[in-house]
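Please find the structures below.
Shared between the two complexes below is chain A, which has chain B as its partner in the first and chain C in the second.
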Partner chain A sequence: MSGSATPSVRLDRLSKWYGEVMGLNEVTAEFRPGVTGLLGPNGAGKSTLIKLICGMLRPSLGSVFVNDEEPFNRAQVTRRIGLCPEQDAFYPKASAWSVLTYLTRLHGFGGRDARAIARRALERVGLENDLTRGVQAYSKGMRQRFKLAQALAHDPDVIVLDEPLNGLDPPGRRFFGDLIRELGAEGKCVIVSSHVLHEVESVARRMLVLNYGRVLADGTPRELRRELPEFPLTVRITTGAPTELAARVMALEGVRRVEHTPDGLEVLTTHPKEFFDALSEMVTNDDADVGAVVPVDEDLEAVFRYLTKR
Partner chain B sequence: MAVYARGYRPYEGTFKSAPVAYSIFAEGARMALARKGVRRIGYLIALVFCGYAGILYFQFGLAETGERMGGGAAATVLEQLFSLNARFREFHNVSSLLAMIAAVLVGSSLIADDLRTRALSLYLVRPLRPRDYMLGKVMIIPALMVPMMLLPGLLLWLLVGLWQPPGETWTWLSDNVDVAQRVIKYYVAGSISLTGLLLLLSSQTPRRGLVMGLSAVVLFGGMFPRFVGMRIQGVWGDRLRALDIPNNFTREFKMAAPRNWENRVLDRHEAGIHPEPIDAWLVMLLLLAVGLFLAWRRARTVEVGE
Partner chain C sequence: MSDSLPPLEAQDGAASAQRHGTGHALAGFLPVMLWGLRENFTLKKLVVRVGLAVGVGLLGSLIITLAKPRRGRDPDGYHTLWELLDEQMLLLILPLIALLLVGPMFSREMRQRTLVYHLVRPVSRTTVFLSRFFAGAIPAALLAIIAFWSLLHFSALGIDRSVWSGTAITAFMGVLVLGAVYYVLSAIFRRGLIAGLVYTFVIEVLIGNLPGTIQKLSIRYHLRSLHHGLTDDAFVEHSRRVARQVELTAQGGSGLNIRIPFEEPATAAITLFVITAALLAFGCYRTATRDFALKD
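And now, the complex of A and B:
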C-alpha cells in the first residue's frame, strides 16, 4: 500500500532554527498512506518535525507539504490532520466528552454533530463507559486513549502520534498497536514518533530515523534491524510481584539480565520484540502482575551512537 | 480496502458549520461561569443592586411624603439624607469594583489556561485561524460584563423611571436618556479596558496567579500617575491621568447625573481629576489593540513559546 499511493506528506530540504539552535537540518522525506515510524533520541528533532507537519511552526528553509499544500496557518490543510501530542493537553476538570465535543466544534461542526462525532471517537478508543468522567480522573492509559480519540474524531487523512505508547501497560500497548495498524490499513497516513525502537518496529512498515536534526536512516524495520543485529534493550517493569515475574521472565529467550528495582524489575533483552510479545501473553493469558513497561532511553541513544559512528 | 473495526465508520451525518470563534467564546464563557468566585460575585452584584433599588424606592416614598406634608425644609433634609445621585454613583462604584474582580478572575485564564494546559497546541492543529481564536477570546469579558455592568445600570435607570408619579415615566426616561447612554458608554469602556489589559497579560505567561497580581498592580497602581497628573496642567497631565484605567471607565457613570435629581456634584469634580476623554479612549483602545495583537500572535504558531 505504501508504495502505490502518492505521498500525503512531503518534506523538501526542510530546516528549522530556534535562534542559533538547529532544530531540523535539510530533511527530505516522504510519508505515504500506511504507518511510518519516526525514531530518534530526545532532542533529535522529532517534535520540531511534527510541529512543522502540523502547521504549528513555519519552516526556516525548505518546504513541507501535506496533501500538496503547505500547512502553516492554513485551515484547509490542518482540518485534514490529527495530532496526538506527547503531553497532556486539555482542561483537566472537564469531562472527556465535553472536551472532545468542543474540539470537534472547532472543525466547524454544529453542537449535535460534534457530540455524535465525539461519542463515536471515544467509543472507538474504548472509553465508552467513561464519557462523562473528568479527564483529570483518568489513568495514564485512559488519557492516552483520549488524546488518540481527539486526533481521530474528525476523520483526518494524516494522523501524527507523538510518543503514543509512553507509559502504557502491556494491554494498552497491544490496544494502541492494533489501532495504529488498523488506521494504516484504512489508508491513513500515520506517523508514529518514538524514542524506543521496538515500539515503532511492531507497528510501522517504514521507519525514518532522526538524530541532530538530520535523517540518519530510512527504511523498513527489517532493514534497520539488519543494521543492528541483536542490539540489547533494557526495560523497566513495574510490578507488585517482582520475584515471581523475574522467574518467568528469566525463562524467555534473549533475556540476558534481570535486576530488582524499588518498584519492580529491570530486564536486559537482546530480542525486544519477542520479549514484549511474551510479556503481553503473560498479562493476557496468565494474569501476570505487570504495571508500566518502560524501555530505558539510554539504549536507543546507544543505537544512535552506534549508527553515527558508522 | 478500508477496515472498520469495532463498528466504527467515519462520520456521515449532516455537517452544519458553526462559527469557530463562537465555539471558542462559548467554551470560555462556560469555563468562566463554572468558577465559583465569578458566580459569587454575580450574586453579590445582584444583592447590591436589590439593596440600592430598595433604598431608592424608599427614598422616593419619603420624598413624596415630605412634599405632601408641605415641608420644603423636610424635603431638603430628606434630599440631603438620601441623595439620589449619590446612591446612583455609590451603586456603580461598588458594582464596578466587583465587576473588575470578576473580570480579573476570568481574564487571568483567558490565554494563560491554554498555555498551561497546552490546549493551544490542539487549537493550532485545527482549522482555526488566528483571528477566530482572537475573536473568540475577545468576546468573553464583554459578555461577562453585560450582567455585571450594563444590565444593573440600565435596570436602575428604568426602575427610577417607573417610580415616577403616574404619567411621568416616559417623560422622565426620555429626559434622562443620556443616563442610559452613559451607562452603555461605561460598559463599553470598561469592557475594552479590561479585555485589552487581560489579553495582554494572559498571553504572556501560563501562570494565572502572576496575571492576577499584575492586573491588580496595573488597575490599582494607575492611581499614582493620576495623582501626579492632577498637579500637572495641559496635555501631559491629561496623559498621566489617563493611565488610571478604572478611572477611565468609571468616569462615564460618574458623569451620568440624572436631571431633576439634586446634588449634582460631578461637574465640579471634572476639571483636573479626569483626563480628557480623547486621552482616556486612546489609552483604552491602545490597550485593546496590543491585547488583540498578542492573542492573535499566540494563535499563529507555537514558536513564541519555544
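And now, the complex of A and C:
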C-alpha cells in the first residue's frame, strides 16, 4: 500500500441538514483498514455520509476526518479517496479508457503513465476487452465495473463504494465481492454501502447500521447481537420428546413462541442468554431429551431487520 | 498496444511520487480544459458550428444585398452593415453563442454527474470551474469571430482593417463577458438556460433599452461602446448616413436609440474585463463553498 500507514475515516458527532430535513444526526464512528459495511434502508443517510466523507458536502455540525484532515473542498485530502458513486456518471461517447486516462491525469500523471494506469485499472475489473468502447454503450454491470475502476486507478487509501453491487448479475457480484475482500486485505479502508444486507455480509466483517440519519448499531454481527440483549432469537432444538420439552420451555422467561418441527422444536426467545442457561440446566439436572441446539437467525439479515423496524 | 506501456514497477515509483506531491492552486487546469474542449468540439460538432457561423455571415450579407435597392440613402450598404453589426450580431448572435456554448459547460458536469469524479481528485473546485469556463469561452469566441468576419467578407464592401480587428475584439470580449454571466447562472440555478433567458430579457433587453444612464447597468451598453469606439471611424468615412447617426449618438440624441453617449472603448474594455473577473470570482467562491449532492 502506498498511502498512509493507517488510512482511516473518523466521524465526530457529524450532522447534516438539508434545509429542515435531517440527513444525518450526530453520527460518531470510525472506519479503519479493512472492509466496513454501511447499512440501512433507502433514506437512512448512507449517501449523505458518503458525500460528507468524500468532501462533496460540508457538515452542518460536527466533523469528518479522512486521514486526520477534513475533506470538504480539500484536494490534498480527497486525492486519497476513491469513490464509486451509486448513480451512473459518464461522458457520452467517450471510451472508458480515455475517460479513465483523463481522470488519472488529474492526479498529476503524465499521458503515458496515465494511459498505462488506466488500462491496468480497467483490466483489474475485467474490462480489458472493452477498453475502447463508449461507457454509454456498456451494460449496467460493465458501468459498475468502470465506476469501480476509476475509484481504484490512483491507488487510494480510502475506498468508498456506494451500492456497488446494484444491478450486477451473480458472477459480477462474486467478482466484486472478491475484489472488495482483496482490497480490505491489502490494508485499504474500504466502506461499502448497501441497503441489502446479504450483499455486504459476505465481504464486511464490521457493520455500521444507519436509519433515519442515526447510528443504530456498530460492530460485527456477533457484537451487534450482544449489544442487543432483547433481540429476539429463533432457536431450533432437536429432541425426541418435543411435547414434553415444549411444555417446559414455554415456562421459561422471555419465550414468545414454540413451534413443532419434524426434528423437534423451534423456539423464539427475547432473552437468549437466560434461555440457553436454562436449557443447559434442564439437560444437566433434569436429563431433558435435547439434541442439537442451533440458532437459526443469527445471520445479519435478522439483526438488520430488527434494528431498522423497531 | 500493451507493448508501448512502461514497466509497471518503474511506473509505480514515479506514480507514487507524483500522487503524493503537492500541486499549486491551479494544478489540473490544462487537463480539465483540454477535456472540456474535446468534449465540446468533436469533429462533427466543429464542422456544424463553423458552418453555422459562416452561414450567419452569409445570411447577413444576403440581407445587405436585398436591402440595397430599397434603401436609396444607403446605396453601398455600409449603413445596413453597420446596423447589422450593432443590432443582430452584437445583441442577438453574441448572446446566443454565449448562452448555448459557454453557459452549460459547468452545469453539464453537474447534470451528467461527472462532476463527482472531479470532486474526489486533486484538482480544486475553482480550477474545474475556471477551466471549464475557458474550454467553452475560447472556442465560442472564435466561432463568434468567424461569424462576424464572414459577414464582413461576404458583404464585399471593402471594409477597413480597423473594422475587422474591432469586430474581433468585440466578439471576443462579448462572448467572454456574456459567457461568464450565463456560465455563473447555470452553475447556480438548476435551470440555467431559463435563468439566462430571464437575465437577458430583464437586464439586457428591458434595462438596456431604458432611456438614461440606467442603461449602463446592462452589458450591451459597454459592448456597444467598445464596438462603436473601435469601428465607427471606418464606417463614417464611407457613409454620410452613419456619420450623421454617430454624431447624434455622441450628443445623446436618438442616433442608435440609446440617448446617452457611448463611453471610451478603453473604458468599456476595462469595464467588461472587470465584470467578467467579478462574475468568475463569484462563481469560484460559490463553487468552492457550496454542497454538491448531485442527486437526480
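Please note the rule applied: the second predicted complex is superposed on the first by the 215 of 310 C-alpha atoms of A that agree within 3 Å, B and C clash if a C-alpha of one lies under 4 Å from a C-alpha of the other, contacts with A are read in each partner's own complex, and residues count from 1 in each chain.
Note that in this section contacts are C-beta pairs under 8 Å (C-beta built on N, C-alpha and C of every residue); 3 or more make two chains touch, one makes a residue touch a chain.
Values in this document were obtained by computation on a predicted structure and should not be read as measured data.
Chain B and chain C, once both complexes are superposed via chain A, clash. With both structures placed on the common chain, the touch criterion links A:119 to chain C but leaves chain B unconnected. Of the two partner chains placed by the overlay, chain B and chain C both lie in contact with A:91.
In the superposition on chain A, A:272 makes contact with neither chain B nor chain C. Applying the stated contact rule after C-alpha superposition, one finds that A:57 touches each of chain B and chain C.
Of the two partner chains, chain B is the only one that A:187 touches; chain C does not reach it. Contacts of A:37 after superposition: neither chain B nor chain C is touched.
When both complexes are overlaid on chain A, the residue A:213 reaches neither chain B nor chain C. Among the options 23-31, 59-67 or 167-175, the segment of chain B that ends up inside chain C in the superposed model is 23-31. Touched by chain B in one complex and by chain C in the other are residues 18, 51, 54-58, 73, 75-76, 78-79, 81-83, 85, 87-93, 102-103, 105-109, 112-113, 116-117, 120, 150, 154-155 of chain A.
Within the complex formed with chain A, the residues of chain C that make contact are 1-2, 5-6, 8, 11-12, 14-16, 18-23, 27-28, 31-32, 35, 39, 42, 112-114, 116-125, 288-289, 291-294, 296.
Residues 2, 18, 51, 54-58, 73, 75-76, 78-79, 81-83, 85, 87-94, 102-103, 105-109, 112-113, 115-117, 119-120, 150, 154-155 of chain A touch chain C in their complex.
Every residue of chain A that touches chain B in the complex is listed here, in rising order: 18, 51, 54-58, 72-73, 75-76, 78-79, 81-83, 85, 87-93, 102-103, 105-113, 116-117, 120, 123-124, 150, 154-155, 178, 182, 185-187. Interface residues of chain B facing chain A in the complex, by the touch rule stated above, are 1-6, 8-11, 13-18, 20, 23-24, 27, 31, 34, 113, 117-119, 121-130, 300-303, 306.
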